[in-house]
Amino acid sequence: MSLLLQVAINGLIAGSIYALVSSGFSLIYNTNKFMHFAHGASVAVSGYFLYGFFAIIKLNFFYSLSLTLIFSALLGLLIYRIIYLPLQNRKASNVILLIASISILILLQNLILLLFGANVKDIEFVEVKKGLEFFGAVITLTQIVILLTAVLFFIFLYFFMNKTILGKNMRAVSENKELASIVGINSRKISDFSFLIGSFLGGAAGILIAVEQNITPTMGTILMIKGFTGAVIGGISSVPAAVLGSYLLGLAENFGIVFLPSGYKDAISFVLLFLFLLFRPEGIIGGKRRTK
Amino acid sequence: MKIKNISKSFGGIKALDSCNIEIKKKKINAIIGPNGSGKTTLFNIISGLIKPDKGEIIFQGHDILKLEDFERAKLGISRTFQEVRLFKNLTAKDHIDISLSENYESVLKSVIKKKRSNRKKIKRILKTVDLDKKLGSYVSDLSYGQRKLLDLAIVMAKKHSILLLDEPVAGVNPKLREKIKEILRELREKGETIVLIEHDMNFVMEIAEFIYVLDYGKVIAAGRPKEIQKNKKVLEVYLGG
Amino acid sequence: MIFPYLIHILILIGIYLILAVSLNLSLGYAGLLSLGHVALFGIGAYTSALLNINGVPFVFSFLLAGLLAGFFGFLLAFATGKLKGDYYALASLGFAFVVYSLLLNLTEITRGPLGIPGISKPQIFGWAIKDNFSYLIFLALVCFVSIFLINKIVNSGFGKLLGAMRDDETGLRILGKDTKKLKYKTMFVSGFFAGISGSLFAHYIGFIDPNTFYISELVLILTIVILGGIASLKGSITATFVVIVLSELMRFLPLPSAIIGPGRQIVYAIVLIIILMFRPRGLLGRIDLE
């Protein structure tokens, strides 16, 4: 019992981080209809922003947090404006945008390597305290913060998408860009905001990872695959589905390694990704099939 | 070819409603009808791009609905599209070459075999549509009319026993229209079976030997041009009934 | 001093030539954006190395590397048959991830992250290739034959069908061509050559680990093929020379190797992005990447 509980908790914590990555990715995907695969690298970059502000410049933690979130959002916007937008203006296909985004991923990853070196960085903000114990399972304070932060972000995101004009416009563009532009929504501006908000969420993911675990230059790739897998499992055409899929992925990974050697953790999501793309590309929830 | 009871609806709208058509062999058949009457849908069903909700199509003894699109094409169904569909990075010559070819799908045969012998045949086919001077041209270098002609040459070159032509004279100038009419007549002389969809009523009346009229996915009339011209139902449909 | 280094560069060029040309067959000529190509390269390298270490003569391990990689190429095409565009690309990338994680985790076979050291230079029947110069001669031979064959294929009727499929798959099916089979065959052939180049890589370097067959390597070969121009063998050949020579020249910059490694990757990525943005047909291509 306590083992199951422990595994479930681990799964939910992993899931929270994947879900933050994947919500931003899915938001950008739905508004712009292409895969911003470099999103994972911008999550990694945010981890290093935090490290830079907090451990190097030695700002106080809350300034560092805010600056990291702002910089992450701006980085996303910058990528969109400098690379994707000109490509879109040239009528580049999704395949080209995908290759470009993979290149950006590699570019950012190696920029981090160049600036910070290959070794693992640790932000010692919270001292590792002994975890709290309940029903035989252990959970640390940081992990509780992660769970709550993620949920809080999703609640805010939900209200933003459903109650604010900007959010509603964003959904309108996701559903039907032509129609949205007919009723006077500036889809360029909406794309800008999708990158700002999506990367802001990615920034939050980067911060949580930096605080709980430690950061490495190449973590962007694996995070992107996890976030993407979560989105594909749930259904890439909706943000809530992507979030749900990511929690499922976190649980599946952690339950999986009860039976398999722990090295297979990543393999589980790779295989799930591949299988879902082949057999159910619309995800568990998604209805519309989009293979073209 | 026999089309039996074919029905197809798109989101509740019936594009074809128990459609029955028997294509007359070695004749020029025409399918006419107002916009949205289901003509192109029927072609798409015959060539295998769309699956019907029910019905069957018998062609050379097979129920072809069970076959994949390329298998139907191999069986002898050749079709054109309303919007000319060509390969933009292939030359005119290559278009005919791949339509003629039977063994290009095998890597080995295709690599080993010397294939100079095709050249004459390709030239001859392109000559029938006056494109023999354009052997090496890419699609982007051809005019709209030339593309229409190349499209026709492709379906002629391909091994076939029935030609489905989707609006062969849409958007072409009068001179070309006559040229295409002449080509179709020649094909008819050779004993080819042709089915065409056409909006240009004069063209249809001049050339077709048997006409089916579709309206809201149903065959409302069938017969020779003269019979169709007198048919009241048809007049109603076309003259705003 | 300079001579052995020159041979080293030429060997790398030879290996990447086969890899790039085989990728151009699937990506460029057939229009299959197969991001799984690095995995096929890796399958070839591991197959050949493992078989050879376990006593299989090089000639067989080399050919089996090609055949197995070709078979996986076929499997990938078979499995992803329905998918198009970016979904196909991502599924094939997913395949690369699966292969990577298997190489990493099947430790009893692949030794996982430790990699496989001590892969010997080939022995072809009586001819033992001991020094790099002989290896270069052998490689040049394989390279020549590979490029000759692929050139033959892309200029044949089969090649024309591939071009037509890239432009309009449905249009080609309507002409009675089984495009699925075309894809299977293309991916087999493309995989075969990726596999033998993997074998040549493994037996030259003498050590392989999973990281060699991951996403950074993918960006390198994509850069080569797209820089050269899709559906242009001349382009791929030129671009292989340019990219490999330039990245080797970077070694002579007065910088620590911790900077040169990432520096190279940054250069590849930037070159690729610039080509995509400003010249999608590459240096020598006639066709825009779409």
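All chains are identified by letter, namely A, B and C, in their written order; residue positions are counted from 1 within each chain.
Everything below uses one rule, namely that a residue touches a chain if its C-beta (ideal position, glycine included) is under 8 Å from a C-beta of that chain, and two chains touch if they have at least 3 such contacts.
Here the structure is a predicted model, which is why all the values come from computation and not from measurement.
A.B. asks: Closest chain to the protein's overall Cα mean, using per-chain Cα means, please.
C.D. replies: So the chain sitting closest to the middle is C.
A.B. asks: By mean C-alpha position, what chain is farthest away from chain B?
C.D. replies: A
A.B. asks: Please state which pair of chains has more C-beta contact pairs than any other pair.
C.D. replies: Here the largest contact count links A-C.
A.B. asks: With centres defined as the mean C-alpha position, give me the chain B-chain C separation in Å.
C.D. replies: Once rounded, the distance between the two centres reads 43 Å.
A.B. asks: Which integer distance in Å separates the CA centroid of chain A from that of chain C?
C.D. replies: Measuring from centre to centre gives 31 Å for this pair.
A.B. asks: Please report how many Å separate the Cα centroid of chain A from that of chain B, as a whole number.
C.D. replies: 51
A.B. asks: Using the touch definition from the top, list the residues of chain A that touch chain C in their complex.
C.D. replies: 34-35, 83, 86-87, 90, 92-100, 102-107, 109-111, 113-114, 117-118, 221, 225, 228, 261, 263-264, 266-267, 270-271, 273-274, 277-278, 281, 290-292
A.B. asks: Help me check something: in the complex, which residues belonging to chain C touch chain B?
C.D. replies: Interface residues on the chain C side: 149, 152-153, 156-161, 163-164, 166-168, 170-179, 181-182, 185, 189, 231, 286-287.
A.B. asks: Which part of chain C faces chain A closely enough to touch in the complex?
C.D. replies: Going through chain C, the ones touching chain A are 33, 35, 79-80, 82-87, 89-91, 94-95, 97-98, 100-102, 104-105, 107, 112, 215-216, 218-219, 222, 226, 258-259, 261-263, 265-266, 268-270, 272-273, 276-277, 280, 289-290.
A.B. asks: Could you pull out which chain B residues touch chain C in their complex?
C.D. replies: Per the stated touch rule, the residues are 47, 49, 68-71, 73-74, 79, 85-90, 94, 97-99, 101, 103-107, 110-111, 113, 115, 154, 158-159.
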